[in-house]
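In what follows, structures are represented as structure tokens.
Common to both upcoming complexes is chain A, partnered first by chain B, then by chain C.
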Partner chain A sequence: MFKAENVSVSYGPIRAVRDVSLTVGEGEIVTLLGPNGAGKSSLISAIIGLVPKTGGRIAFRDEDVTVLGTEALVCRGMTVTPEGRRVFAELTVAENLRLGAATRGDPDGIAEDTEKFLEMFPILRRRFHSAAKYLSGGEQQMLAISRSLMSRPRFLMLDEPSLGLAPRIVDQIFEFLIQLRTWGVTMLVVEQNAGEVLEFADRAYVLASGAMQFSGTAEDLRQSGGVMEMYLGLEGH
Partner chain B sequence: MEYLLQQSMNALSLGGEYALLALGLAIVFSVMGLVNFAHGDMITFGGYAMFLVAAGMGIANPALLLPVGVLSVVLFAMFLEKVAFKPVRGAPPTTGMLTAFGVSILIQNVALIFVGTRAKSVPTMDFLISNVTIGSVRIPVVQILETAVTVIAIALLVVFLRRTTIGMAMRAAARDVSTVRLMGVRADRVIATAFAISGFLAGLATVFVLARRGAVDPFMGFTPVLKAFVAAVIGGFGSLPGAVIGGLVLGVAEVMMQVVLPESMAGFRDAFIFTAVGVLLLVRPQGILGERPDFGEKS
Partner chain C sequence: MMIERRALVGAVVLGLCIAVAGLLVWGFAAPYHQRLFFTFLVNLIAVVGLQVFMGNSDITHFGHVGFMGISAYVTAILATPVAVKRSALATAPFGVNTFELSPLVAVLFAILITLAVAFLVGLMMVRQAGIAATIATVAFLVIVHVVVMNWVDLTRGPRAFYGIPPKATIGWAVATAFGAIVLARAFRDSRWGLQLRASSEDVAAASAVGVPIRKLRFAAWMLSAFIMAVAGALFTLFVGTISPKSFYFDLTFLTIAMLILGGMHSVTGAVVGCVIVTAGVETMRFLESGPVFAGAKLPEMFGLTGFFLGLVIVLSMAFRPSGLLGSDEIDDIWHRRRLRKAGVEVS
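For the complex of A and B:
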């Protein structure tokens, strides 16, 4: 349902991403792994139109969306939960969720979805009217993902959702992602730490120094000790 | 007692005018980082629009003339955003600032060439400069209206920013425009709305500036907006509550100086005030409600 072909991103003379291709099928969870500075965030930002692509094509649900801006892509059902969560710190939890639904015009549906996430993450209900800056890192990540889902995306890209979170919270977030798959959301999960995400991802890509180094099933990647060790600092199984 | 009441009214209305203008500057600055030096010339534009309607078309009815003033500034602000500021949006902040200077010079010169240097009177504002007597206190109508309008405008703005999606997006965009775009909110719309609000507030101020002066000239917007800049800096540039507080503080300070200073030193009023502002900024460089810029990490 999603396809990126030969995407490149440059910042001045520096080529952060070089001719990277990637596909994600309907209902899949695909992970994009790679060390810090590999170009993962640049690639995601380019896909969603926040930084300009210097080359390549993007297709979503059989439509060429290469030239569309961020807002148009979100309206078509793509979105990103950005690295570092980026909740609106001064706005309340309620307002953060409301803005997540900015593209929607169905107040009943919005209220229903809000209720769904408050049910899922009770802490958000307790903090519903306080500013998001008072939430802990894990709570902010729950809010950030819920906020992304408020637009009812078909394709959700999560940029390092486990970054800086305690292992227990990471488990909770990942369990939520697994559950999300049953709701029919297709996902691309960007991670630096391969360990846990490979346990539930269908397929994996490894990006390093701006170029794609590996693509295959999560199982293949786990077996290929060389790739794991060289790019991800992990021993293969 | 009466004197005190009169002077308080004076301070409130002047502070209100500064607050309206400072808010307009702060709203645009907060969503797009632009210091709009052409803000004063929007007032000038509104003044001429009212002059042209009053003198050119002979419409003297204030119920028609005042909306013309406000509306013309709103439309002009949105027009400036489209033709002047949008094309330089991605450029460094200095480019936006220089663009604003350019727009300002252009407007002033258009007024000089096509209307002339002499101040033109706008004769229809008589009811605004009359006084009402409450007990033994005489208060100019314009001051009462200005204070009331400022309070109402700020209340409306608060409701707008808290209750509407686009208002929430504007508050969010003050910190993080790209994440607002990830919500599917068009940055264009947020910025256009910011200019429209800034124009609306400046339009209200135009009516009052004009009521006090009774005439338009090509540089009429300069002094009020200079003061509004000072107000915004006192409050903390970019902070909306800061702009209101800064405006009131400045208005009160000016009126107090007028009251306290002996006549021989009255000319130094602004010097005293700017010195006080300087001292304030030494103690709190970010202004009363501003935040220290933080040079944090990537996330």
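For the complex of A and C:
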């Protein structure tokens, strides 16, 4: 359903991403792995139109969306949960969720979805009228993902959802992602820590120094000790 | 534009406070105090207009008074009687000294022309953010000033433009201030206002949920310019005499100080800041002239007002950078108190 071909991103003379291609099929969870500074966030940002692409094409649901801006992409059902739990700290949990529905105009559906996430994360209901800055790291990540889902995306990109969270919270977040798959949300999960995400991802890509180093099923990657060790600092199985 | 009921109630309460004060002043105060109160209302409208752009987009705006100036001069040029213009603007272009418009029609033209200028400047403004945008707004103010100063045939240049019919009353000013407050709250608490405020906190996160940042910035810019235009026209039609100095750094600095002290993210803050700074400035003006106090003649201290404004900005920045009200509106305070009583977490 999603296809990026030969995407490049440059910051001045620095080529952060070089001719990278990846595809994500309907209903899949695909993970994009790589060490710090590999260009993962740059690639995601370029896909969603937050930084300009210097080359390449992007297609979503059989439509060429290369030149579309972020807003248009969100309207078509793509979105990203940015790295580092970027909630709107000064705004309340309620306002954060309402902002997730910025592209929607159906008050009833918005109310229904809000209720769904409050049901799923009771802490968000308790803090509904509090500023988001008073939430813990894990709570902020739950809010950030819920906010992304308020736009009813078909394709969700998550930029390092486990970053800086306690292992117990990471488990909870990943369990939620697995549940999301059953709702029909296709996902691209960017991670630095390969271990856990490979347990539920269907396929994996490994990016290093701005170039794609590996692509295959999660199982293949786990087997290929060399790639795991060289780029991800893990022992292969 | 849909507005939440709570925000509307807050806006109306705020507007009513101003209206009641206005009616008391109108009915009972001496002419000097009426004049003072009118100036206060014009400043209030201007600060609210400034809040619409600066408070929601978080882009520091030093050019807002430029819009006031454009509107003030267009109003003056169109509404001043031909008898006055024939001598005051003897060499005026476009034949503006051959006709006069009723004040209301003149104001309409003034608003339209100001909005046309705001449109062109806004197209460039919304592409910038942060310091680049702020510098552009300063440049805009300087350009307006230089044009007014040097287009002598049309504006009388640095000399006073006199003879404008003083048709505005305190009643009009109160009604306009009320309208400006409601409009500013309606924008701030609409979904557009919320989205723009979110984008000022985090551009990337706001884009990622599909917020059309440039469009919203532009909308806030135009609404702000509209309110500034009304303030400029109202001022002109009250004082009857204007000069380029009326719309330059002094007024810019005064209105910025008001907004920063009150809290630029809040319309209530804009109003509170305006009240406090006006009271402070008038006290300073009184002290400046070296009054007799408890039998002793105080020394004359010219410049005390400017010193006071500078001090207000420095002290707010140092001790309360988000202003007295922060991001709170009057109804937020009630609402939180009610929730807390009901046992809901709001911290």
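The working rule: the second predicted complex is superposed on the first by the 237 of 237 C-alpha atoms of A that agree within 3 Å, B and C clash if a C-alpha of one lies under 4 Å from a C-alpha of the other, contacts with A are read in each partner's own complex, and residues count from 1 in each chain.
Everything that follows uses one rule, which is that a residue touches a chain if its C-beta (ideal position, glycine included) is under 8 Å from a C-beta of that chain, and two chains touch if they have at least 3 such contacts.
Computed from a prediction, not measured in an experiment: that's the story for all the values here.
Taken together in the superposed arrangement on chain A, chain B and chain C clash. After overlaying the two complexes on the shared chain, residue contacts for A:28 are found with neither chain B nor chain C. Contacts of A:196 after superposition: neither chain B nor chain C is touched. When the two complexes are overlaid on their common chain A, residue A:129 makes contact with chain C while staying clear of chain B. Once chain A of one complex is fitted onto chain A of the other, the partner contacts of A:71 extend to both chain B and chain C. Of the two partner chains placed by superposition, only chain B is touched by A:163; chain C is not.
When the two complexes are laid over each other on chain A, chain A has residues 48, 50, 70-71, 74-75, 79-80, 82, 86, 88-91, 95, 98-100, 102-103, 147-148, 151 in contact with both chain B and chain C. Against chain A, in their complex, chain B makes its touches with residues 165, 168-169, 171-172, 174-176, 178-187, 298-299. Residues of chain A touching chain C in their complex: 45, 48-50, 70-71, 73-75, 79-82, 86-91, 95, 98-100, 102-103, 126-130, 134, 147-148, 150-151. Across the complex, chain B is touched by residues 48, 50, 69-71, 74-75, 79-80, 82-86, 88-91, 95, 98-100, 102-103, 147-148, 151, 163-164 of chain A.
Chain C contributes residues 191, 194-195, 197-198, 201-202, 204-212, 327, 336, 339, 344-347 to its touches with chain A in the complex.
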